[in-house]
Amino acid sequence: MSGHELKVEGLSVRYGQASALSDVTITARGGTVTALVGPNGAGKSSLLLAAYGSVPATGTVYLDGTDITRLRPVARARAGISIVPQGRQLFPHLDVADNLRVMAELLRLPGSAVDDALDRFPILRKRVRSLAGVLSGGEQQMLVVSRALMSSPKVLLLDEMMTGLAPLIVQELARSVTSLAREGVAVLLAEPALGVLRRVVDRGYVLVRGEVVAQVDDGGSALDEAYSTAIGIEQPKDLRPAGR
Amino acid sequence: MTTTISRPTVSSDRWDPRRIPGGGGLALGVAAAALILAWVGSDGYRQTLVISAATYALIALGMYVPYLMAGSLSMAYSAYAGIGGYAVGLISARTGLPLVVAWIAGPIVAALVAVVLGVVTRRLSGFFLAAVTLLFGMAFTAFLIDAESVSGGSGGLGSLRPLNLLGWTPSHYHVVVGSAVVVCVIAFLLDRLRLSPWGVVVRTMRDAPRAVEAAGVRVPVLNIVALALGAMIAAVGGGLFTYAAGSITPDTFTLNIVFLAIFMPLIGGAGTPWGAVAGAVIAVELTLNFPAVQTSGTLLLAVGVLVIMLVAPKGVVGYADKLRTRLWALLRKERDRG
Amino acid sequence: GTGDDADSPTDGSAKGAPIIIGMDEDSTGPGASYSTIAGKTIRLAVQDINDKGGVLGRPLRLVIENDESDPTKVPAVLQKLHSQGAKALFLQSGSAAVMQAKSTLTQLGLPAIAPTGVTATLVEPPDNELIYMLANTTTDWAEVYCGAFKAANINTLGILTDDTTTIAALNKALLGGMSCVKVTATEKGAANASDLSAQVARLKDANPDAVLVTSVGGAFEVLAQNTLAAQLKGKLRFSLASIGNQPSSWKLANPGALEGLIFMGSINHENPRTKALTELLKKANGPDYEVTAYDAEGWDAVQLLKLAIEKAGGPDDPKKLNEAIQSISGYESSFGQGNFTLSFSATKHLGADGPCGLSLIEFGADNKPKGPWASFQPPCSS
Amino acid sequence: MTDLQLWLSAMEMGCFFGMLALAYHLIYVGAGFFNFAIGPYAMMGGLCTSWLVITYDLGVWPAAAIGVAATIVLAAATELGVVRPVQKRGGGELPALVAVAAVLFAIQQFAGYLFGYPTLPGQSLASFAPVPVGDITVQPSSLLLIVVAVLTFVATAAWVRFSRTGRLLRAVGDSNQAAALLGLPVNRIRLIAFVVAGFVAALAGLLFAPKAGVNSLSGLHWSLSGFLAVVVGGTGSVWAPLLGGMLLGLVEVFLPYYFGGQSHVYGMLLIALLFFAFKPQGLFVRKVRA
Amino acid sequence: MAEETLLVGRGLTKRYGGVTALEGVDFELRAGEILGLVGPNGAGKTTLVDLISGAQAATAGELVLRGSKLTGPASRRARAGLARTFQYPQLALELSVRDNLLLGWAARRHASLWQMIVGAAAGALRPRVPADEAAVRTLAEELGIEGLDRAAGDLTLGEQRLVEVGRALGQDPLVLLLDEPFAGSDARGVTGIAEVIHTVQRRGHAVILVDHNVDLVARLVDRVMLLDRGRAVFDGGPRECLASPQMQSVYFGSDADTDTDSGDGSPEAQAEVEDVRS
């Protein structure tokens, strides 16, 4: 399979005194959907951001075998890495179209890219002149996802991409992600709990306290099991609230 | 995310070496005050420096609660200090009341004015508040000039009576010591207030007013309380200066002092009220006692502020704290090795 | 801002322990543009005295501090001058600062002269035992203006004034003494105003016989004159002294905008001492130097202090020195008309004897003072 | 007709305040905070030019070019030497604000040393004869100020709204965090904001100086006026500063006209209180969810 | 367990210019009840939470809490017994996690003007309230929040949300409004939040829970209200809701049942609902 490949090697991230990620090596290959699971604060976001180049890190990042460690985020984005960051990382006082346009211009995409991105979710087209900041939480997330998919990337870094999205949209997106992976895009998802995404994940890593504690290559359910074993807590699917 | 990597942690335990909240700050503050008073001795000039520093410190401390804790920048502090000053002047010149009454009446009037202004501007925040209060400060000066029958007009009020505390008349040196004590007490109390539940609510108001409102505290009202408290403290400072200098005019407290009060907590260290005190001492040193030839004090201060903000972003107190931590870590290492 | 002045006068030929005189000068603040004019001449006068053998054989030494016209700095600045050994002070700063200084003077017990002060409140109670002024005050000005108004048949007056404390005090004294005219409009503008057309438009509506501008000078004064010249063409205009004392501001006026303006001057080139001073200043500052009342007042202030120290037999007893100042009488000043004198007493802290320290001077088409106003000059009885 | 004169004055003041406010606005849009050193920038533009013309007999145009260039350098230096390093050290927006306030005073004092303390006459770039309109004559400098102000606003509005850099500018100021995370050229854009703001402020000072002269201490007053204008206008549109400036100009002229000069300080306060009671966030606001 | 009617909303409507976010929504919440609020993105869930909590003024409609009208600013409603979390966490990022958690207790002590004034004096004299601090520690333990001295800004979003939930519980609310509390939470966080919900319920108070994790919602709640384009289109038990055609058409999408293992409305999930609620 002629998929793309993202590889991070010996990646470490520190915030001041605190270490968020230490010496992590992982690979995400086209054709598969790779997941990164771990509890809150495990360092998943730090890893994705470091791979994208927007937090300082030590270690090496390879895109299709090329060392891109020295590239700045824009250059990495132009080289084909795209990110859906965690939280509302958009420009609230810019309208929906301008939010997309800023990124399109930064990546030197054709004008049609913005149009296509608006068409990905009907609501965006409908609210194209609204300020991004007045959209509902899920609508904002759609905008962020649209923005990431706009550039036909080689590598997709998706940090809690499904947060705040309704099941209908989640299913749609899960399908898109799978088909993108099949087309050769290296997809790397980060989630504190896989939930429904279990079905789309092919392989993955369990990250605990900044270190990879398990690697699983046979599907989402196996990954979930490895995750539960690693942290000693059942995954939410089997939640049994106490006290009733 | 490079811009958000390091956020200052306002740890509630930093100034708590002996389990007395604010005790560490007090110990250091009192020690420094004692040193300064020893250095001053009977030198009239140095005594005046202490009075100036205490005045500046009180005005900056007045700003501490609303400005650094609650995040509302009121620029009407020239008026509040002025009210404190005029209370001393008026009670001395127009009434037979004991002069101490001025330090009760002045802060109360200042607080009332702050409340009225706060009510009128309650919907404003941030720079909108700054703009309106700035205009208020200017209008207050104009009022002092115009209301001659009350304020003595442009000539101001002078020839103050000496303070008489139950038959005891403090000397100038006593006033100097007293002012240092007042500053230390207020800084200590504010430090404790900062750590208290009240302080938690007020400090949360700055970054997350919606959360405070959703928790059941009316943000505009608490803001007004904070502003009133600040006005009271500033009025004490105004009264102190007026008493020590012996007179007050409409131009005594102007925009200058407001800017000074904005600078001082940051050069001293915004993490604790003691920073405002340290900032006042630095400001006095730079603008009045700096042995430079023909230099503008304002320039020295401005450059000083810039240098400090670049070298010690958490102010001198924060810097000293960092050095202390390093030193202790070093000592511990030495001890472990030895 | 503090510290000794780099260009302080040297001890010259005088020997012996120097007599230290303090000067509180605003050299970098809002008052710097006018405060330094007299400050420079004070230094020159001290140098001149030292070159000529000093006072009682001892040189004068100036110690200078800068208060930037900030009243909260004044107590510390004066204390500092005192701690450096100053026996008497010159207060050469913004008037709010000088006002604040009065009480500190009382605390220190040091006599002081405010050479360029014109506001009578400076030497009025409270705390006025130790402070002195040279020039005619506004009370005298009122008399002179009244004479002028009578001569020019002016019955109604419009006033354009700035919003400083100094001028508020001055207006009070001046207008209180001018019952000879009816003030039909008083318009106030911010001292740092950028536009006065509204105020002038109101003056125009009030249509007085003449307009008097009262301001601390500088940009406000010129803006007022420019606006008056444009919007109230041909109206007779009067002003205080400051426009005449700040030659650098004349360049700010639009071409011809100052023509016909009459101001309260004090420099009279027929006064032989003025002539001598002019020569000296031109030698020191270049031939184009415009001598102003600030120069003359600064100069005289130093001479008066010298006189007082000599009378007191030395500078060390501040009480004696203060009494010595009060005993000066008939000092022939280097401003005003030829026979103008300054005298002081326990109750008279304003030096000027009668109004002939003043003369009304008219501006010419070149925006420079042309000479005495033809229609009226204050009478000099003595 | 006096009224015409008053309208002209109000226009002039409005344009000047509007340009100062525009400079504030640009930095607010691009860097997300109020740069209180705008007044000193304008002062620098005016004073440096006048000083060069008066002391060195330089022609007005080359002097103006140097004055404007010096201001731009100053603005860039503020960002590179002060704001950026201070913000890098963290602590929220307060330290940067206090630092620019210190810059304000430092520039004023340095200008005093350099150019002296007396007020210098402004130099007019226009040399045509005064234009009679009705029974008033419009000074060439006034006309130039108004024309340039309008042009500046049109150009800036187009730039901010439609250009690539303008869009980046809005994005960077809107969410510094998102911009940095996505890899937008935050530093370059902020520098551009400062440079353009410096240029606009210098132009404003230069063109307004002929009206009442300029001295080293004009900066603070101008900073405050521009600040009021930008606050009145609100931060929601590039045109807001012009509107705020015009409103302020009208108030500063017509308030004293109708209510007497004495009332100007109280009147300003009263008007501000009334205005903000109804529009607590200025004229233009674009509210988003928190 | 459900008896007394706690909170009633009638005809709640919110319009923003041309956008109608909420249109005539009625609901009733009984003591001890947990109401799930679900619906597609932009359906108006957050808007409803905002209207109830007073963060936004309603265009029309009224709210009644325990028989008296609920009006006025958010703070008054909070004092009447409402507490909420925000979809995007609103923490004081420079303060420590402990201080952020303390807000719930601290706010209760400074509700009235008088308390604010006296509280300032009392705070200066006696800054520490050991009882509150102990309560905060217990709560943090229950929620699994570690490192109370860390600045809240150093937390990840998931952790911040957890702190918000804890803070809201600190207010001891009659009605707790949770806006997507599970978003971004790990297993530990989910357990902690569920525990908070149950605590409120045990006190006989009520919870409105908004979340897109229908699986979790269905297990925790007594009743579900489905919003679509600002209108309530279904109101009933979780099982009925999951099975309802409205749910299928507006929320899961018509082809939802083709995705077997989803856990959202699948038979498997419904079975579990039964399991949990018994």
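A, B, C, D and E label the chains in the order they appear, each numbered from 1.
The definition used in the following text is that a contact is a pair of C-beta atoms (placed from the backbone, for glycine too) under 8 Å apart; a residue touches a chain by one contact, two chains touch by 3 or more.
Per UniProt, the chains are A, E = ABC transporter ATP-binding protein; B, D = Branched-chain amino acid ABC transporter permease.
Since we're looking at a predicted model, the values are computed, not measured.
Chemist: From the centre of chain D, which chain's CA centre is farthest?
Modeler: E
Chemist: With contacts defined as at the top, give the pair, B-D or A-D, that has more of them.
Modeler: B-D
Chemist: Taking each chain's centre as the mean of its CA atoms, which one is most distant from chain A?
Modeler: That would be chain C.
Chemist: Which integer distance in Å separates the CA centroid of chain A from that of chain B?
Modeler: Whole-Å distance between the two chain centres: 49.
Chemist: At what distance in angstrom does the C-alpha mean of chain E lie from that of chain B?
Modeler: One centre to the other, that is 41 Å.
Chemist: Give, as an integer number of Å, the spacing between the C-alpha centres of chain C and chain B.
Modeler: 37
Chemist: Which positions in chain A touch two or more other chains at once?
Modeler: In chain A, 15, 49, 54, 88, 134 touch at least two other chains.
Chemist: What positions in chain E touch 2 or more of the other chains?
Modeler: Touching at least two other chains: 86, 88, 90, 94, 154.
Chemist: Can you list the chain B residues in contact with two or more other chains?
Modeler: 1-2, 4, 6-8, 142, 146, 210, 296, 298-299
Chemist: Would you pull the chain D residues touching chain A in the complex into a rising list?
Modeler: Spelled out, the residues of chain D in touch with chain A are 164, 167-168, 170-171, 174-175, 177-185, 286-289.
Chemist: If we count contacts the way the header does, which residues on chain C are in touch with chain B in the complex?
Modeler: Going through chain C, the ones touching chain B are 1-6, 27-29, 64, 66, 68, 70-77, 79-80, 82-83, 96, 99-100, 102-104, 106-108, 121, 124-127, 163, 165-166, 168-169, 172.
Chemist: Which residues of chain D touch chain C in the complex?
Modeler: 2, 5-6, 8-9, 12-13, 16, 54, 109, 112-113, 116-121, 136-137, 139, 208, 211-213, 215, 217-218, 221, 252-257, 260-262, 264-265
Chemist: Please give the residue numbers of chain B that touch chain E in the complex, ascending.
Modeler: Residues 4, 7-13, 21-22, 189-190, 192-193, 195-201, 203-204, 206-208, 210-219, 221-222, 225, 229 of chain B touch chain E in their complex.
Chemist: Report the residues of chain A in contact with chain D in the complex, numbered from low to high.
Modeler: Chain A residues touching chain D: 49, 52-54, 72-77, 83, 85, 88-94, 98-99, 101-103, 105-106, 131-134.
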